[in-house]
Amino acid sequence: MFIGRVVGSLWATRKTDNTTGVKFLIVQPYNLNKAPNTDTVVAADVLGAGEGELVMVAYGRAARIAVGNEDMSIEAAITGIIDEYEVKPEHYKGDLDPEKSVYKKSLE
Amino acid sequence: MFIGRVVGSLWATRKTDNTTGVKFLIVQPYNLNKAPNTDTVVAADVLGAGEGELVMVAYGRAARIAVGNEDMSIEAAITGIIDEYEVKPEHYKGDLDPEKSVYKKSLE
Amino acid sequence: MFIGRVVGSLWATRKTDNTTGVKFLIVQPYNLNKAPNTDTVVAADVLGAGEGELVMVAYGRAARIAVGNEDMSIEAAITGIIDEYEVKPEHYKGDLDPEKSVYKKSLE
Amino acid sequence: MFIGRVVGSLWATRKTDNTTGVKFLIVQPYNLNKAPNTDTVVAADVLGAGEGELVMVAYGRAARIAVGNEDMSIEAAITGIIDEYEVKPEHYKGDLDPEKSVYKKSLE
Amino acid sequence: MFIGRVVGSLWATRKTDNTTGVKFLIVQPYNLNKAPNTDTVVAADVLGAGEGELVMVAYGRAARIAVGNEDMSIEAAITGIIDEYEVKPEHYKGDLDPEKSVYKKSLE
């Protein structure tokens, strides 16, 4: 899994039938240094993640388990909405963004 | 899944028997900043995506579910044709292309 | 799946028993711009792809379906030999190599 | 699998029900040269890995086997806590960090 | 699959029970140009690959088939020890290392 931030939403009318009713969010993987991650991922969401929230995203069968239907043509899904994380600067190698060593959703 | 743009088509006569009749499209992953993505993906399509359209692409079993036959030797498929997406610039980190923050297919 | 070019062959005497008789080719992923792709992939082949040919390659279960034996320890395989492809320059973002917008095997 | 270092922890209250009670760690992939790896991975842990420890991480079904429940929506997990490794400088190509050719946890 | 070189070994006492007795090797993916590949992979080995040998590595279910036990929490394994490979310089795009166009283990 990886940490991402919900940056937007996506709508498709013509799609595989089995995903009718599923919400698709655009998620930007989240780096702990200051370099932005330029790729984005489209993830199914059944947890009600809001824009700007940090989330955990999983690929493959884990994603289909997360949406509760293993016969959906879904390959990525949000498996958790992050409340809090903590990174120890002494263990992280590289240029950790000091503002990213601790995150508490309640303080955002 | 990821967002891509259909940039072309591909034909193969000598191929695994189980994929006879399947259409293969060349898809370029789509970045929200101005940097182009140089890799392309070959995706099976049963939705009738046209050249230039933005699509959702899935890998693995999700792709085989999308084409409706899990015994095909297919590893990537188009799972939706995107009508619209919206990205919030305040959440996206990095150099968002302003022309890419909102997309409406009906306006293309 | 992705487009690759067969650049060589590989032989291994000590290998998992279940792959006896399978041919392994070295494939270089193929970019549509002028930048070469420096990684290579080892793909099983049962279609008889020749050196220099453009092929489609699939990973995972799709590869095992392609070789016709899902109990082989194979993770990548050639699923088609490309006869022709066409890329529309107006849809491709980035520095498309003009010589790569159309490919016809019969003209190589 | 890959070698990573546990750099932090992550908490999510709203998550897929099936992962209740699972601990999630933030792991930074570990390079043998001096260049830091800027991406991080979120991995489930049932082995009790501590911050700063070097671990093996696996993706996919291997991760669900590692946590002992294949119906969890988990895509990455810690499969071992590394006691020791040894890299032969004569075989490694590139700029091996001399301090990383041998690792013994007991000496850290 | 990909070509890699065995550069070292790894030991873990605290690990998932199901992998007891499996040997873990550190493998560096092998490029055909002169640029080293900085990432390494941890692969299970039941073929007895030695340090410095070139090997084929597979991910996912193929890896579990290779170790002969699909219920092990293993995601990468060595599936062959390479005796010989040959790359045709006229098909490889980019800066092929001339010393890498042909490899014969018996000559190393």
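As written, the chain order gives the labels A, B, C, D and E, with residue 1 at the start of each chain.
Convention: a residue touches a chain if its C-beta (ideal position, glycine included) is under 8 Å from a C-beta of that chain, and two chains touch if they have at least 3 such contacts.
Computed from a prediction, not measured in an experiment: that's the story for all the values here.
Taken together, subunit D and subunit E share no touching chain.
Common partners of subunit A and subunit C, by the touch rule above, are B.
Counting the residue numbers used at the interface between subunit A and subunit B, under half appear in both copies, so the two copies meet with largely different residues. For the pair subunit C and subunit D, the CA-based superposition corresponds to a rotation of 145 degrees in steps of 5. Centre to centre, using the average C-alpha position, subunit A and subunit E are separated by 32 Å.
A straight line joining the Cα centres of subunit A and subunit D is 20 Å long. Residue positions of subunit C with contacts to 2 or more other chains are 37, 60-61, 63. Contact ring, oriented from subunit D toward subunit E: the chain order is D, E, C, B, A. Put simply, subunit E touches subunit D in their complex at residues 5-16, 18-19, 24, 26, 28, 36-43, 51-52, 60-61, 63-64, 71-76. Subunit D meets subunit E in the complex at residues 1-3, 29, 31-33, 35, 37, 47-48, 56, 58-63, 65-66, 77, 79-88, 90-95.
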